[in-house]
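Consider the two complexes below, in which chain A is the common component and chain B and chain C are the respective partners.
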Partner chain A sequence: MDERLSVLVLDDEPIVGRRLQPALAKIGCDVEIFEAPGPALERLKEKAFHIVVTDIRMDDMDGIEVLERVMERNPETRVIMITGYATVEMAREAEAKGAFDFIAKPFKPQELRDVIAKAADSLGFHGVAHAAVPDVP
Partner chain B sequence: MPIIFICSVPFSGGERVAKSLAQKLGYGYMSREDVVARANEAGIPVGKLEVAMVKRPSVQERMARLKDRYLAVATATICEKAQDGNLVYYGRAGHRLLPGVSHVLRLHVLPEHGQRVETVMTRLKLSREKAEKFLRDIDGDILAWVRFVHGIDMDDSRMYDFVANLENLNLENAATALCGVAELPDFRPTPASQRAMQDRFLQAQARIKLSLDDRTADVDLTVRANDGVLTITYVPLQARAASLISDAVGDLPGCREIRCTMASTNVLWIQEAFKPDSETFREVNELARRWGAAVELLQYKPGDAPSDAVAVAVGRSAAMEARTGGVEDDVPEARPSSEEKSFQETLEALVHEGRSGGGQRVSGSRDRLSAVISPSIPYSLVVLGDLFLDKPPATRTRLVRELSMFLGDHVKAPVLSTADLAAKLHLGGREVARGAVAGVLVVLIYCGVFLWQDKLIDLLGGPAHKAAPWFAAVLVALMAPVIAFLYGSVLASMMKWLKMD
Partner chain C sequence: MAEPSLTGAPEPGEVSSAEKALLQRPSFGIRARLALGFLAFFLLAAAVTAAAWIMLSRLEVRLKFLEVADRYTLEIQQARRFEKNYFLYGTNLQDVQEHVANARKLLGSSEAEVFKVLSAADLRRMRDHLDRYEALIQSLVEMEKNAPADRAAKQAAVEVEVRAHGSQMVSFAMELSQKERNSVNQTLALFKRLPVAFLIVLLLLVAFIVNFLARQMLGPLSRLMATAQRIATGDFTPITPARKYRDEFSDLAVALNTMMREVAHRQEILVQSHKLRAVGTLTAGVAHELNNPINNIMLTAEMLKEDYTTLSDAERLEMVDDLVGEAGRSQKIVRNLLDFAREGEMETESLDMAELLRRTAGLAANQIKLTGAKILMDIPENLPPVYGDKQSLSQVFLNLLLNALDAVQKGGSVRISAGGGKEDPGYVSVRVSDDGHGIPPHVLPYIFDPFFTTKSKGKGTGLGLSVSLGIVRQHGGDIRVQSSPQEGTTFTVLLPAAMVPGLGERPC
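And now, the complex of A and B:
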C-alpha cells in the first residue's frame, strides 16, 4: 500500500500534540494535531483518517463522545484513547464502543507507536509495524 | 462511631447506599474517586495500574512500587478525613487499608443483576449484549485489582461484617438497616483502635514522603509505626540511604521518634540466570516469607571476562509530569537481553512480595565473586542456585560443591545449594521415617522409666548405687545424649512439618 497513514491527534494540552507530532512523523505518518474537539470533528467530516488518537478528559466534549462520533461516521477508523485519569470502567466503555486501544498517561512515544503499528497492520499498512521498531543497535 | 467501608462493583447501587447511609447518620462521605484524585495530584499515575488490570496481567508485578505509593496515599487520605469525625467510604476494598483498627465496619453490597444491566444500558448507551459483556469484563478487572492491590478475594464474605444483597432489598431499606448496624457498640472506637489508626496514618504519611523524595524513592524500605514511633528498615545493599531517611521523612505530626534499622535477616541468592516463575524462586521466597527475610540477588557468571559488580535497581514507576502532558521523552531505549529482563522481573517480583534486598551482577573468578559479597552484611543464609550451566551435570554438581566450600570459608553464613535448600524446607520420606522411629524409641524409654521406676531409683541412689556407684554415672553419661538426640529428631521433624524454623 503506497498511501501514507493519516493520524489525527486530539488533546487539549498543546504540549501533547507538540511531542507526538515528531514522534509519529518519524514512522511515516501524516499527522494533524487538534486541541479542541469541535475543529477536530469538522476535519473528520472532510477527511476519513486512518487513525484517531484522542484524549478522554477535555473541557468541551469528552473523548468517549469523540469516539462515538468517529465510529458513526467511519467505523473503519481506528481510535486510540489516551488519558491520565484512566479507570477500568473507562477503558472497558471505550472498548465496548469500538476503541482500538487505550493507553494510560504517562506513556513513552514508542508505546503509542507500537499500538499505531498494530492498528496500521489491521488496516493493511504492514510497513508501519516495521518502521515502529526503534533504531537501537 | 465507626468508619464505614462499603465495597461493591460499579453500577451496583453500592454508591447510592453509601451516600444514603452517610446522610441518614450525618457522617462525612468519601469515595474512591477522591482517593484517586489525591493520588493523581501527588504524581502517582493510578491510571497505569488500572489499565494494567485490563490489558496485560503479566505487567502487574512491575507496578509493585506504584501500588505501594497508591496504598499509602489512599490510607493517608482516608485517615485524614476520618480524623475530622465519622465517615462513610465507598470503594473496592478500602477496609484493608486500616489493619488493626477495630472501629471499622466492613460492608459488602451485592447488586441486583437485571437492574445493573439496565443502568449500564441507559447510562452508557450500550445494547443489552454489550452491557452484559461490559459488566463481566469490569467485574473481572476489579477482582484482579483487589487481588493485586490488597491481596484478597473481593467476593470472600469472610472479609466483611455484613453483606447487603440488593436482589431482595431496595437501596433505601438497605441504608436504613445498616444505620442500626453502625450504631452497634462492637464498632465503637476505643483508645487502642484510635491509637492504631494514628499509627496507620503516620506510617502512610512517612511512606508518601519517602516515595516522593528523589533520594529515597527507589530504596526498598519497610515502614512501620507503633505508638508514634516510626521504624524504617532498609536492606543492607542500600545502607547508604540510611542517613537520608530521617531527612526525607522530616517532621510529621504525632511522630515521637524515627528509628532506622538494617534488615537483620537476609538471604543472598547467587545464580547464573534468574526466573520469577522458577521452582527455586518459589523455594527461596517461601523461606524468606517464613523468616521475614529480605532476599538479595547476585547474578554470577563464572569464568566470564571479569567485570565490576553492577547494582541493578527496579525501574522507577512512571510519574505524571505536567510539563510533558503525560508524553515522556522520545529517547530510544536499549532493549535489555532476555537474561537481563528475567533478572529485572525476579527483582520486581521480590519488590511485589515486599522482600527485595536489591540485586547486582558480576562475572569472573570466584575470588571476584567473594569480593562483591560485603562482609559487613549479616547474611543469614547464602543459597547457590543454578550455576555453571554450560557444564555437564556431574561437573556442575562438583563445581557448585567446590564453590559452596569456598564461600563457606569466606562468608560468615551457612551456604546451601538449592537441592539442600529443598531438603531443609520440606519433610522427605526418610525424615518422616527417622522421626517416627525416634518417636517410638522416646515412648519406649518413657514407658521403661515409669514401669521400672523403683529399680531405676535404686540404681541411681539406693542400695544398688551403693554397691556399684560407677554404674549409675556410666548409664547417665550414655543415655543422656541418646535421649537428647531422639527428642531432637522428633522435634525437628515436627517443626519442619509445621513449617517452623
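And now, the complex of A and C:
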C-alpha cells in the first residue's frame, strides 16, 4: 500500500502535540496536531483520517463527543482515546461508541506507537508502523 | 484580648488568666449571703424582743408603783374618814394615827418612784402636809390625854388646820395616782405601737433582702444564660469576672470555661477531620490533574532520549525547558493541596476575599472539570477585607463549592459572587449558587445539623455544613440558604468586614 498512514492528534496540552509530531512521523505517519476540538472537527470534515488520537477530557468538549462525530462521518477511522482517568463507565461508553483502544496518561511514545501499529494492522497497513520502529536505540 | 471571637480554641493563657481572675476574688458565697440575710432577720427579732422585755419590765414597775400610790391614797382617805368621825363623835383618833403612819411608811418605801412622778417641790410640799397633819393629830392626842380647860376652843382651832392639810394631802395623793396612771397608759400606748413598727421594719427588710438576693442570683443567671446563647453561636470567649466576690456562680463559670475549652478543642478536631475528608475528595482530582504534567514530562524525556543525537542544541534546550516547566507545574498542584491540608493553628489575618475565592476555586479545578460544570466568578475587586483564618474560610467555600458541584447536572453552572453586603452593612457576603435540583423544603431546616446528609452512605459525612457554619460563626458571621427545585440553591456566607471598628472585640 502506497498510501501513508494519516493521524490526527487532539490534546489540549500543547507539549503532547509537540512531542508526538516527531515521534509519529518517525514511524511514517502523516501527523496533524490540534489543541482544540473545534478546529480538529473542522479538519475532520475536510479529510478522513485513518487514525484519530484524542484526549477524553478537554475544557470545551470531551473526547466522547469527538468520537461520536468521527464515527458519524467515517466509521472506518480508528479512534484511540487518551484518558487521565479511566472509569469503567466511560470506557464502556467509548467502546460502545466505537473507540478502537485506550491509552492512559502518562504514557511513553512507544506505547502509543504500539497502539497505532495495532490500529494500522487492523486497517491493512501491514508493516508500515513496525518497519519504522527498529530506529529506536 | 484582641480577637477572641476569631480563635476557635482560646489560648491557654487567656483561659487560665480568666480562670485565675474568677477564682482569685474573695469568696462570698450564696450560702454566706443567705446566712447574712437570715442573721438580719434574727437581729431584728432579737431587738424587738429586747424592746418588748424592757417595756414590760418598766410597765411592771409602773404598775407596782401605781398600786403603792393607790394604797397611799386609800390610807390618806381612811385617815380622813376617821378624822371626820373624831370631830363628829370624838372617836377613832387612834385609827387616824395608824393610817397616817401607814401612809408615811408607803411613801418612804417607794420614795424613788414618787420622785420620778412628782417634782421635788411637790414631793416636799406633800411631805410637809403629811408631817403637819401628823403633828396636828399628835397634838389632838395630847389634848385628849391632858384634857385642858380650853380644849373645845383649841380643838376647833386644830380642826380647821387638820381639815386644810387633810384635803391637801388627799389632792396630792389623787394627783400622784392620776399622774402614775397616765404614765402607765402612755407606756401601754407605746407598747401597742411596737408590733406595728416591727411589722413595718420587717416588711422593709424582707423587701430589701428579696431584692438583694434576686439581684445576686438572677444577675449571674441571666449572664450565664447569655453566655450559653453565645456558646451556641460558636463564640468560645472565656467568661471573665464581673463582680467583686466569688460565689457558687463563679464555680459554674469556671466549669463553663472548661467546657468551652473542650468544645473548642473538639470543634477543631471536627474541622480538621472534615478537612481531611475534603482533601481526600480533592486528592482524586489532583491525581488526575498531575497526570497531565507527568505525561508531558514522560513524552518529552522519552523523545529527548530517543532523538538525543539528531536534535539540535536549541531543540534540546527547548525540551529541557519544557521538563523544568512541567515539573514546576506539578509542584504547584501538589503545594496548593498541601497548603490546604496542612494542620495548623488558626491564624487570623486580613484576607482579600477575591484572592481567597479564586484560590479555593483553583483547588476544586479538577472537580469542576470532572463535573463539567461552568464556574462563573463575579467578584468585585474593591471588596473590603475580612479578618479571619485563611485555611478554615477556604475550607468553608470549598465545601460549599463541592456541594454545589454535587448538585448540578452536567453542563450546569455554579456562580460564585461576592458583595459588600448591601442588605447587611458591615458584612462581606459571598454567594455560592447552583442551578441544580435544589434542597427539598422538608430537609432544609436540618442541613446544618451535624451528621445530617442526603448523600449516599460513604459519600458524605454530614459534617460539611455543620463544620462550615461553626467556622463562620467563630468569625462572627452567618450562613444563609435559599433553595427551590426550579432555581437551585444559594448559600450566602456573611462575614464581618474588617473595616468595622471594634470588630473582633466582644464585650465579655
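Keep this in mind: the second predicted complex is superposed on the first by the 130 of 137 C-alpha atoms of A that agree within 3 Å, B and C clash if a C-alpha of one lies under 4 Å from a C-alpha of the other, contacts with A are read in each partner's own complex, and residues count from 1 in each chain.
FYI, a residue touches a chain if its C-beta (ideal position, glycine included) is under 8 Å from a C-beta of that chain, and two chains touch if they have at least 3 such contacts.
Given the structure is predicted, the values throughout are model-derived calculations rather than measurements.
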item	value
Simultaneous placement of chain C and chain B on chain A, clash or fit	clash
Chain B versus chain C as contact partner of A:13, first or second or both or neither	both
Touching partner for A:23 - first (chain B), second (chain C), both, neither	both
Contacts of A:84 with chain B and chain C, given as first, second, both or neither	both
Per-residue touch tally on chain A - higher for chain B or for chain C	B
Contacts of A:57 with chain B and chain C, given as first, second, both or neither	second
First (chain B), second (chain C), both or neither touched by A:103	first
Offending stretch of chain C which, after superposing on A, collides with chain B (from 148-156, 454-462 or 472-480)	454-462
Chain A residues contacted in one complex by chain B, in the other by chain C	13, 15-16, 19-20, 22-23, 84-85, 105-110, 136-137
Touching residues on chain A, where the partner in the complex is chain B	11, 13-16, 19-20, 22-23, 26, 68, 82-89, 91-93, 95-97, 102-110, 134-137
Of all residues in chain C, those that touch chain A in their complex	287-288, 291-292, 294-300, 302-303, 306-307, 322, 326, 369, 372
Touching residues on chain B, where the partner in the complex is chain A	10, 36, 40, 45-48, 50-51, 53-55, 124-126, 130, 133-134, 137-138, 141-142, 145, 318-321, 323-330, 332-335
Complex interface listing, chain A residues touching chain C	13, 15-16, 18-20, 22-23, 57, 59, 62, 84-85, 105-110, 136-137
